[in-house]
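Each chain carries a letter (A, B, C and D) given by its place in the written order, and its residues are counted from 1.
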Amino acid sequence: MKIGIIGASGYTGVELLRLLHNHPKAEVVYLTSQSNDSKPASLIYPHLDSLYEHNFVTLDDVVKNISSLDLIFTALPHGHAMAIGKLIAGGTTRLIDIGADYRFKDYKIYEEWYKVEHTHKDHLAVYGLSELNYEQIKTAQIVANPGCYPTASILALYPLIKNGLIENSTIIVDAASGTSGAGKALKNSYLFSEVFENFSPYGVTTHRHTPEIEEFLSLAAGERITITFTPHLVPMTRGILATCYAKLKPEVDEAKIAAAFKDYDNKHFIRVKKATPPSTKNTRGSNYADIGWFIDERTGRIIVFCAIDNLVKGASGQAIQNMNIMFGLDEKMGLELGPVYP
Amino acid sequence: MKIGIIGASGYTGVELLRLLHNHPKAEVVYLTSQSNDSKPASLIYPHLDSLYEHNFVTLDDVVKNISSLDLIFTALPHGHAMAIGKLIAGGTTRLIDIGADYRFKDYKIYEEWYKVEHTHKDHLAVYGLSELNYEQIKTAQIVANPGCYPTASILALYPLIKNGLIENSTIIVDAASGTSGAGKALKNSYLFSEVFENFSPYGVTTHRHTPEIEEFLSLAAGERITITFTPHLVPMTRGILATCYAKLKPEVDEAKIAAAFKDYDNKHFIRVKKATPPSTKNTRGSNYADIGWFIDERTGRIIVFCAIDNLVKGASGQAIQNMNIMFGLDEKMGLELGPVYP
Amino acid sequence: MKIGIIGASGYTGVELLRLLHNHPKAEVVYLTSQSNDSKPASLIYPHLDSLYEHNFVTLDDVVKNISSLDLIFTALPHGHAMAIGKLIAGGTTRLIDIGADYRFKDYKIYEEWYKVEHTHKDHLAVYGLSELNYEQIKTAQIVANPGCYPTASILALYPLIKNGLIENSTIIVDAASGTSGAGKALKNSYLFSEVFENFSPYGVTTHRHTPEIEEFLSLAAGERITITFTPHLVPMTRGILATCYAKLKPEVDEAKIAAAFKDYDNKHFIRVKKATPPSTKNTRGSNYADIGWFIDERTGRIIVFCAIDNLVKGASGQAIQNMNIMFGLDEKMGLELGPVYP
Amino acid sequence: MKIGIIGASGYTGVELLRLLHNHPKAEVVYLTSQSNDSKPASLIYPHLDSLYEHNFVTLDDVVKNISSLDLIFTALPHGHAMAIGKLIAGGTTRLIDIGADYRFKDYKIYEEWYKVEHTHKDHLAVYGLSELNYEQIKTAQIVANPGCYPTASILALYPLIKNGLIENSTIIVDAASGTSGAGKALKNSYLFSEVFENFSPYGVTTHRHTPEIEEFLSLAAGERITITFTPHLVPMTRGILATCYAKLKPEVDEAKIAAAFKDYDNKHFIRVKKATPPSTKNTRGSNYADIGWFIDERTGRIIVFCAIDNLVKGASGQAIQNMNIMFGLDEKMGLELGPVYP
């Protein structure tokens, strides 16, 4: 498989490079970075030294040769992948967009939350939550890789909603992320001195991952679901934990919940435990999603946690998992990396 | 004021020492530490060098001289302060217990959650949430200093409950704390290598601060309130953030909520902001409690955050604030320390 | 004392504010910040809320009223304080420059290392290492507050050099600092994701604090001293540790070294221990400089460590100590803050 | 290859498991842990869930079956591997000891610094610095895996000493390590609250890695070398940086130094850069050793840095590299993992 990575100089871009280095079937042909055009990738990222000999190229270089590629990953700010999506229409090159452009079935939600016009409304992209959309991903030309918070939140809540076990109007997702999710944006609030020894909420009631979680869960429920979603910034680089709350429906007991999560038994990258809280460290550097659930008998609520590495299962790892599915490979190929502990 | 600190070698004990060093009216006479008996405090804690010349003494040394003291702080694991409380009964020495022994009006709740018999059931201790129990604290012989999570959670929720603005059955407190709250317990899970680059829940559905929050809020509400409370461990030393969720009652609007929080306007250590999330860093090392609140219009919920330094407003700082109130001093005395930023 | 702070919106500026808040004789009149002109300081720095009511003003506002001020602190990038220094010449307003402009007796060294012309060559500024230049500081109109690395390095080495105990040609200073020393500069390498879980050298053989250390030590030695100085960045916010190496002269034994360090016995903010390594945490938030020294018998070297909080003894705390000395106050005034531990 | 890991429940033990999981020729048969005997490894280490199905066994279980194994890794405190070394004598099972028991050619040095009798004095173990002892490692029955600090220090200094470019009596190694090097020892000083926001020296003039570095360098020099070695603890989990200083011999210039380091050009895991400081983050999770060197013209010294991940190139990664060499495999097998950045 010949691969181009558009936007290879961000954190998700270099994480793709780390993971693809161990993939036996993938050959990275192009890496683009507008700002680092024609410089060696290992000059900008010394950790890649002796792993990649590539120079960064421009987007134009890829566009010219696009039909020679089997797959393109776009790791761009929202609004920029749609042009690539339109470009490959009708061809055989396939696209996995790690950004937000193709995540919504309803483009109006995208336009409302992202304040950008959707210029590729007739796309047939599949939402790339690998375990839940496995069959559709196989044949998709465009896969919209899910956001990091939505990956954790949806994996935690889906079995409960699909099986009708919770009151859907009571869902609250309280989540926390390391800083790599913010990328390399040069903002004062991302300076080490500001983030260190600090825990702080952000994007309260307005975070763009809210409608993404809602749309997927609504489809699973067969009814419109509205949630409260509150992200927090944790002083660490990698890791997301979603803590999800909902009221259990009457008569729902432990056995029913256990049965619902049993659907994950054959999902390699999902590890479920009853009454055991997961922690981000146990997933760091790996593609695992660790789920733990508790019944709060005193209040009739369920609490479900999901921990992932935001750059792996929450971004580049799931992107490669989707690539494997799209190209008929074992979904684990190149991803059987144990968590980096401690 | 002559002061004894029983249990002076834990983190809350040495934080008392840091703060009392700047207090013009307090004279620390005794510091106890069973394990460090007769050693200089500054040998065990080099940061205290040139601040305190004291040697640690044993509990017996204090007991013998207890009537010579105006005030005792107990900073002990639960179960150990009741003996001190009984000892001072009938005398003039007063007690501020930073532990849990005197926090519950209903001793049965204490016995149920702490698995210890309450041996001082007829105590008349006052719950030392300084701003909310100011008048009772003035004359109390025993003040039960609140837990760190309860301080943040109650300060966030009290105005809403007191004013009947939320559905009390929908309250969820999702909280996160730095590691100093766990003290110096030698447990594998508190090792640096385990906590660093990790975010993890603990005590899910079982944390002992749950009934403490519930009892105080229930009294404010005039009805029994049961909440879901989920603490998380953050890789930082100091700081607690409580993120509180509740459904607003019908017809409750922004103006009513603003009015409820206005009661805090004359509370020096409470800083309230609408639609601005607080962060723990802005309170670090200080006695401030920073509150921010948001209405989630899409779901009809309110989200209230409260950030404190768990060792200051969440423990030793509030203890000194209570001392000031008990002895007729300005409650700010010795506590006008700006946050240590960045 | 009426005080103006020029450059009050950097980390050393706000640290001055934290410390001056507890100073009984200082009244902060003006805070300048070009970029935040006329905004409330507590809007830009929420941690100052309820501590300072000031709005930021411009430099012009201060210049107009300069003669009404007793003291100005400049906390500016190098090159900008000289204009202020010239402005006060002949008047009674005094100046403490926390930057580098007045640190060198030999302006040519300044021009060589800072690549800027010195425009106030005839200044009579005193180098403000409080303990070592106490008498000169008393009467100085301009005090050049030392750099953070030089403060730690000089305090560690001075007694050895002054007393002729080491081979001056063998001095190596290997130092490490938290990130607040870099200020709020928006550089990619200061992002949390880059600094966290990283330890890295920088400025190798070229750091500007090298000649500052050398000039002071050379004066003490009565001969020109050249050192190797290597700084490293530590993933923490505050703290500097200087690890200093030198060959002992023949016949120098433990007793002679102990005698040399005895000169610090009456220096309140210097705490010396033999054969005990200091750690930055024990000084955090305080004005202490902790020194520990070891003889390496196997190699005939001495190893001297000095730990400080770079923003306090390494910048704003020492500036206030100098202010106290200049105005005939107890040098400890406003600085008797215990370290913030843990 | 059938493999037993003795002492599999420490940090180097589980790091071996992480790395061996990706090794195509290695089959882990036994994992021992005295304290966790017969428990599933993934119960004690949830991050291993779905990676390893093994239960921990006791040392006896391995001893009984030792001849069925091709290789044993011992990851034990010093003093415990000698029994295993004697047990395999005369057999075909080979041993890589990640501890210190076999690191010294001169057992008296071991006994002096480790305060333990050496009970296997006639061993023929080879010091496993893979790149420098490649040929001897091939045929060794016992390989003594180097300590973490020695790996970084020796790789940095060896080319200079071997080529006679520096004054050997002037060598100083100032090093800093993350906490995982200390293992899971339950000591107060390793608690998160103590290590975080702290930088501190330890083991000054007495660290046991000192003689290990000296013995190897002395053999390279053909003369006895004594160094000053000072380790520091950095608030991070993984990573070591050695900062090495030495006086250059007269007439040694940049070209000669560059030529000396050229010997590393064909060493896959060593990446050398002139005048570029390495950082631990660029090696994290990988087997790379990154070297940077600078000439300090002003003092005639050379400064050489070497950064590694202490658990990989500094322990388990190099152990697997040695395993590959011993068994005639490509030394990179199972180790081609890119650094985990950021």
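Methods note: a contact is a pair of C-beta atoms (placed from the backbone, for glycine too) under 8 Å apart; a residue touches a chain by one contact, two chains touch by 3 or more.
In this text, all values refer to a predicted model and were calculated from it rather than measured experimentally.
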item	value
From chain B, the most remote chain by mean C-alpha position	D
Copies chain A and chain B touch via same or different residues, half shared test	same
Averaged-CA centre spacing for the pair chain D and chain A, given as whole angstrom	36
Geometric centre distance via CA averages, chain D-chain C, whole Å	39
Distance between chain centroids, defined by C-alpha means - chain A, chain C (Å)	46
Junction residues of chain D, two or more chains touched	11, 180, 193-194, 196-197, 235-238, 278, 281, 284, 342
Chain contact topology (line, ring, star, complete or other)	complete
List of chain A residues in touch with chain C within their complex	11, 179-180, 182, 184, 186-188, 190-197, 235-237
Footprint of chain A on chain D - complex, ascending	11, 14, 17-18, 21-22, 45-51, 180, 196-197, 237-238, 268, 271, 273, 276, 278, 281-286, 288, 290, 336-342
Partner chain A, residues of chain B touching it in the complex	170, 172, 174, 176, 178, 193-194, 196-202, 204-205, 226-228, 230, 232, 234-239, 241, 243, 245, 275, 277-281, 284, 292, 294-299, 301, 303, 305, 307, 342
